[in-house]
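First chain A sits with chain B, and in the next complex the same chain sits with chain C.
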Partner chain A sequence: MVPYKHYSLLAIACLMWMAGCSSPYVENNMIEEIAPVVFWSVDKGTEGKFKISTLVPPLIQEKKRLLTKEVDLLKQGGKEFNLIYNRELKQGQLRMVLINEELAKKGGIEKLVNTILVDPDISMRVYLLIVRGNFDEYIKHQLTKQENQDYFLYRMLKHYEDYNQGEMSIVNIHQFMKKLYSPLEAPILPVFRSDKNNFNYIGTAFFQEDKEVMVIQDVDDEIFQLLDNDHFLKVLAIPKLSVSLGRVRSNVRMKLSRDYSSLSLHVGLNGRIEEYQGEKEIQSEEQLEHVIQEIEIYLEEQTSDLLKRMQRWKVDPLEVGTHSLKPFSKEITEKQWLKYWGNIKINVDYDIKIQPLNNVERLM
Partner chain B sequence: MVEKYDPQMKSYQLPTWLDELKQKLNHMDDAEVVEHRMGTSASVHLLYINTLIDQERLNEAIIQPLHRCDGNSLSSCITNAKVSEVTSIEEAQQKIMQGYILLNDAVNDQWVGVQLETTLGRAVESSQTETVIYGAKDSFSEQIDKNITMLRRRLPITTLKSESFTVGSLSKTKVVLLYIDGLTNPKFISYARKKIESVDFDQFLDSSQLAAFMEDHHHSVFPQFLQTDRPDACAYALGEGKLTLLVSNSPFALLAPITFFHLFQSPEDYFLRWTVASLLRLIRYGSFIVSLALIPFYVALTTFHYQMVPLPILFVLLESRSKLPFTPFVEGLSMIVTLEIIKEASLRMPTKTSQTLGVIGGIVIGQAAVEAGFASKVLIVLMGISAIAFFLVPNYQMTKSMVLVQVFLLILASFLGLPGIVIGLIGTLAHLHGLTSLGQPYFAPISPFYGKGWLDLFIRGPLIWMRTRPDYLKPLRKWRQEMKK
Partner chain C sequence: MAAGDEEVKSLSLYNRTSTLGGIYFLLLVNRTQMHYFILIMPTFLVHSYMVWGIIVMGLLSQLNLMMLSKWFTSRYAAKGYQGFIQLFGKRTVQIFAILGFLILLPKISVITLGYVEMLHSFIYPSMNKNWLILMILLISLFVASHGMEKTLRFVVIAFLGGVWIVIMFIPFFFPPIANYRDLYPLIPTEWSEQSWRGLLFIWSALSGPVYLAFMVPWLSSNKKIMKYLVIGNMLSIMEYSFLFIASVLFYGSHYLSKINFPLVYMGSYIQTGGLERIDYILISFHMFTYVFDISILLLCFYGAGRIFMRKMNEQTTRIGLLSSWFVILISIIFMNHWLWQTVPGQKMLLNIQIWISAFLYLLVPTILFTAVKRKESM
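Let's turn to the complex of A and B:
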């Protein structure tokens, strides 16, 4: 029995124990004997197999090699890599899993992702990416050109995740799985295009269950960032209207009718005009109003179009379905909701507030 | 001239005393037995050790007054020095060795002692071990009386009591126990008294030796008495309800009872603004943890938990460790030992040599070890941080003890990784919790918990809020303020 006066010590000891808690059986991971893997690239192989690739050694200044194996199981790949490399490959520092778009379209990536998710050695903060094209070819080509290409790729993803810059949809493995398992939510993943020389972000992929059904790009992707992902865009470029809005912040309000027949979407945008190459004289307040109105109409049309495509593909990445949830009422099922979602009449309204420009001729 | 036995004399022991004393002083070249005339008639024997006494004062205070004197007793002749009567031969021996002049007036059957100890010793200098920017600069010296004077000047109250003891069968070291009567808990006083009286050893060259005999836990690496050479720190401690022990020939006083957290307090904490002092104190605790756990943490991460290292740092670690022949444990341990060798060597060397040693140790060994591939760059950086962090703890004894704890944690980290470090820290915590200083819990006010004590624990609270003395010292007078009428 610990006297009550000494409870504080007991509490400190318990906190310390919890902070350092782990299995008493520690695994020897001497860092000079291991090769921590930073990414896994998973592609469709022959005869229903997976083609797994990784780069070793990922960090040390030694000659790098791209290892590729065709396997039935993901873990089998990890094991077989060890047999062909002198250091022990470890997945504890896995930071990116790149899944080929063909595989994602086929469906069934849930099992792949789950394998990584349930591995206690692997952190939950693993970025998931969809790759259009051949990533292996790109990495192989870059081996001689740029050192630590994989590491810099990770840094790029981390940068856009940390600061919510609204440039990219960055998704962690646990975020993907949470949306996958939650009713009324559709998972999303960023899509990158890869060829021999380039690896660049192109847009966001929407999933129905674990199957990629549509990819949005360019203005659509920017609208998606404003509507749901970051609610912020550093630059919203609208080439059609020859205008670029900067530092755009959005305030989105959705109102779903009680019978799920209509949705009113109100988007308040706050930003400034950073570039204008059109015909109008935006120094004049009247003409500026016209430009703003044009932008509003353009965004409303684009957004309506985007939402219609989502309805057509029966995906709801904006989580509109969650607005159907009310206290003390029965939760609508995902199947029911998607049925409603396909037929909802959507009314989009944009309200843009432009920060005051200098040298504007005011209307008297 | 030696007195002969005279059966007519009332006390036949006195000449025997002289004989006996002469016998005792045999083969001591600096012992003097001389005879002088007191006035015109009686002769007086003077016994002293001339290396212990002040020769000028002897002439001034004894010889000249004796020649001029026509009185009957020694005490009436010697007027400008303190004269004390000697009643036993043991006392006579002791006084001679303490710098007294013994005078024997055979006619009046009188033995007296006059203290004319030479004032050999350092002047009051500033503290070398506990330097402060603000605050008093004086520090204790080897002369115990001067040290008491410094304390009495800071606490000019009649309740500041001092009790003298003598310890050491050879060194006859004087120990003075100081406390404030009516404030310090009497239990501490009687406990300390009992402890001092039970001390049985031949020599005491420093107060730390006395502390070793008085400590409740001899085998612990943590000091249970606080050594300080600052009179202001002692006065503050006395005012809080602690005891102070002064030991002759040692410039370091002992303070007790203390807690573990006193080892992180500097006298300057109370001179700076409370916010600044609190920040410094937090930095000290932080650096304590860093100095103990940084190298073990490095070993644990590089041996077991590479997953925990952020990728950019792992990048650096992998590169720095990729070509080393030693395991992280061997690398860490050898660098700790090397650092201790450098530290120890620079302490024992003269100042100018130690500077060179610092350069050799820091640049040559550090850089060369990395270039030769014996140690990783990261470890050298961590060693540097850890070594500097050690010196932030104001108590030097504690700094030395911490190295042992560091090695203990390092060994655990090399076997068990982070759980090992946690087990080691919990073990250290449990050990600290079990310690006592003068019978009082060492880990107060955390355990046992005393809420008000936290005001002067991790932070140094504003002095205007610290109205009560620490509860864990159980002072008889709780309030620091006196009610003004």
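Let's turn to the complex of A and C:
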């Protein structure tokens, strides 16, 4: 036989030795000695510093506490936590980065995100959120009420991310960065409001040149979910017309004219009426038609209004600009596009197909 | 007696018991084109219309392979070293061997350093790189020590270990992250120096099969091999363009140019319910291709050394293989130390590697083709 076993013995000996004495590895990942980090919350500190905080230890039967530090650099914060805490914090499980709205308005999220992206331990699927108010206070207060609040928050985001089920704009770091670098796309982030007792979703923030420029809420946000984000809404409630539509699916067609002077936006909606508190008899075909027409007009007005505000702020989160890309022509620059975008004439047209209420008196 | 028997067998690295048929050609062409360069390719191409570049360069490479197949089927190729001497004369072959020796060294180094860098930045960020280099080279030495024939047969494992990775990238073609308008414009509206460099890059990435020209004695010189060469090359083009389009859809052209290992980062974005860091598995499986590449080049390297030291008629020795291995190890460690760790050094090494392999891919088939033609007409 050929003495290959010498080589393999050498290889095995090498491997055993490397595994045994850990000299080539500098890092130690013994589970008893480390604490995974689930979220970073970044706030504005005094004198241009960051105030960053995290909750330790996650997912272990142990009393939790919130660590907070004021630092100049994000990574410095991670390091300083290690010095005041008796375990080493590891960022491999980082799931959420919460950025205070004040900081987002000032700009510079790109740099924060880059810091996180440089670390290959951290996945690109980390959720980015904007927080209005004081998140630390909320977490501190929740510690006494509910354990593992950080993990539940992550599960909530994951729940709404999967299957695009509408309701929230959930964005991870990769999606944010891709849109940030693409000249004809504007990044968006979800905004949450937080105080001592509450932490709830309020809407979507639009970014321009790495700064938060506008936040849309309620009906506007619902329209945005239909137009761009998920193309689906579980419930579209229109209090003004006393009607709730359910399982609304949208089909959006945009047509940009060749000289970028007008945009026609056609939205087809499919859904069903799940609730009606108004005066009309929607069992009758005629009256139902009337209600639908009212909804169409209402949505058209709201949408044009929303788009006009986007134009005023010169943001294009709906990525209308990408419709200017053609297979055979040159890409226009971001600056050119935004100039066109500000003056574009928009024509919104809704076409709604609706089934009436189920299991109640049927249409004859 | 048993020990003596063992000795004799272990030393004959370049023995041949049977010739490898057409399907091996296919796999060899494909795998030698899928090494380190494929991982960084999207960063060099960036614009979506460069997919035409891949196709055009792939078709040119097709022509090149046809020329090469002329060499494969010629009677000189089957004779191996003697065939080369008949064609060019002893002196010239020696000079070629020295040149080959000098060219192989940076090639092996860049491939190894590239893979080690990826391992280092994704899996073992705090580990000393020299250990990783040593490990990869030890594995390759182990494979190479089985001799040329078995190493060539290893391509089957390398192929099976690597080809399924492409399947993992299929989800990137479907929304939500993918926006098909990212692929526009389809036709280049401007052409810059960077685009030329992209073409050069594709050409050099396709240059792997050049080394097969020196391995003909172990491969069959059947007339039908051309078909397999062409299919192997086609497969590579398909893999190239598939991975490239996936990465354009994932990053968009503007972000793509800023990422250093686009495909590996995409791997780390893949997630399943049970497993989160799929990229670790992908990187590990990719190692088969590298080990195959490095061990085959190691054997070439040793062979070239033997030619210019005029030891072709003597037996191969274990010391010989080990010392060429040491030369490679030391050269890689030095390159890592002096050049690879800085950005300009890394760029320089990569550029040298791109130019050299592009030139080789242009020159070797042409030289062999014309030499065979001339001899035949004489």
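Simple rule for what comes next: the second predicted complex is superposed on the first by the 328 of 364 C-alpha atoms of A that agree within 3 Å, B and C clash if a C-alpha of one lies under 4 Å from a C-alpha of the other, contacts with A are read in each partner's own complex, and residues count from 1 in each chain.
In this text, contacts are C-beta pairs under 8 Å (C-beta built on N, C-alpha and C of every residue); 3 or more make two chains touch, one makes a residue touch a chain.
As the structure is a computational prediction, the values presented were derived from the model and not from experiment.
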Let me test your reading of the model: by the given contact rule, A:Y151 touches which partner, first (chain B), second (chain C), both or neither?
first
Please work out whether A:V38 is in contact with chain B alone, chain C alone, both, or neither, and reply first, second, both or neither.
first
For A:H323 in the superposed arrangement: first (chain B), second (chain C), both or neither?
second
Which partner does A:K90 contact after superposing on A: first (chain B), second (chain C), both, neither?
first
Between chain B (first) and chain C (second), which does A:D121 come into contact with in this model arrangement: first, second, both, or neither?
both
Name the contact category of A:E27: first (chain B only), second (chain C only), both, or neither.
both
Let me test your reading of the model: by the given contact rule, A:E331 touches which partner, first (chain B), second (chain C), both or neither?
second
On chain A, the residue positions that both chain B and chain C contact, one per complex
3, 7-8, 24, 26-27, 121, 123
Along chain A, where are the residues that touch chain C in the complex?
1-4, 7-8, 10-11, 14, 18, 24-27, 120-121, 123-125, 164, 174-175, 177-178, 180-183, 185, 319, 322-323, 325-331
Which residues, counting only chain C, touch chain A once they are in their complex?
6, 9-10, 121-122, 124-128, 131, 134-135, 138-139, 141-142, 145-146, 176-177, 179, 181-182, 184-187, 189-190, 250-252, 254-255, 258, 265, 268-269, 271, 276-277
Applying the document's contact rule, which stretches of chain B touch chain A when the two form their complex?
302-307, 309, 311-312, 314-315, 317-319, 321-322, 324, 327-328, 416-419, 421-422, 425-426, 429-430, 433, 443, 446-449
Which residues, counting only chain A, touch chain B once they are in their complex?
3, 5-9, 12-13, 16-17, 19-22, 24, 26-32, 34, 36, 38, 57, 59-62, 90, 92-93, 95, 121, 123, 148, 151, 154-155
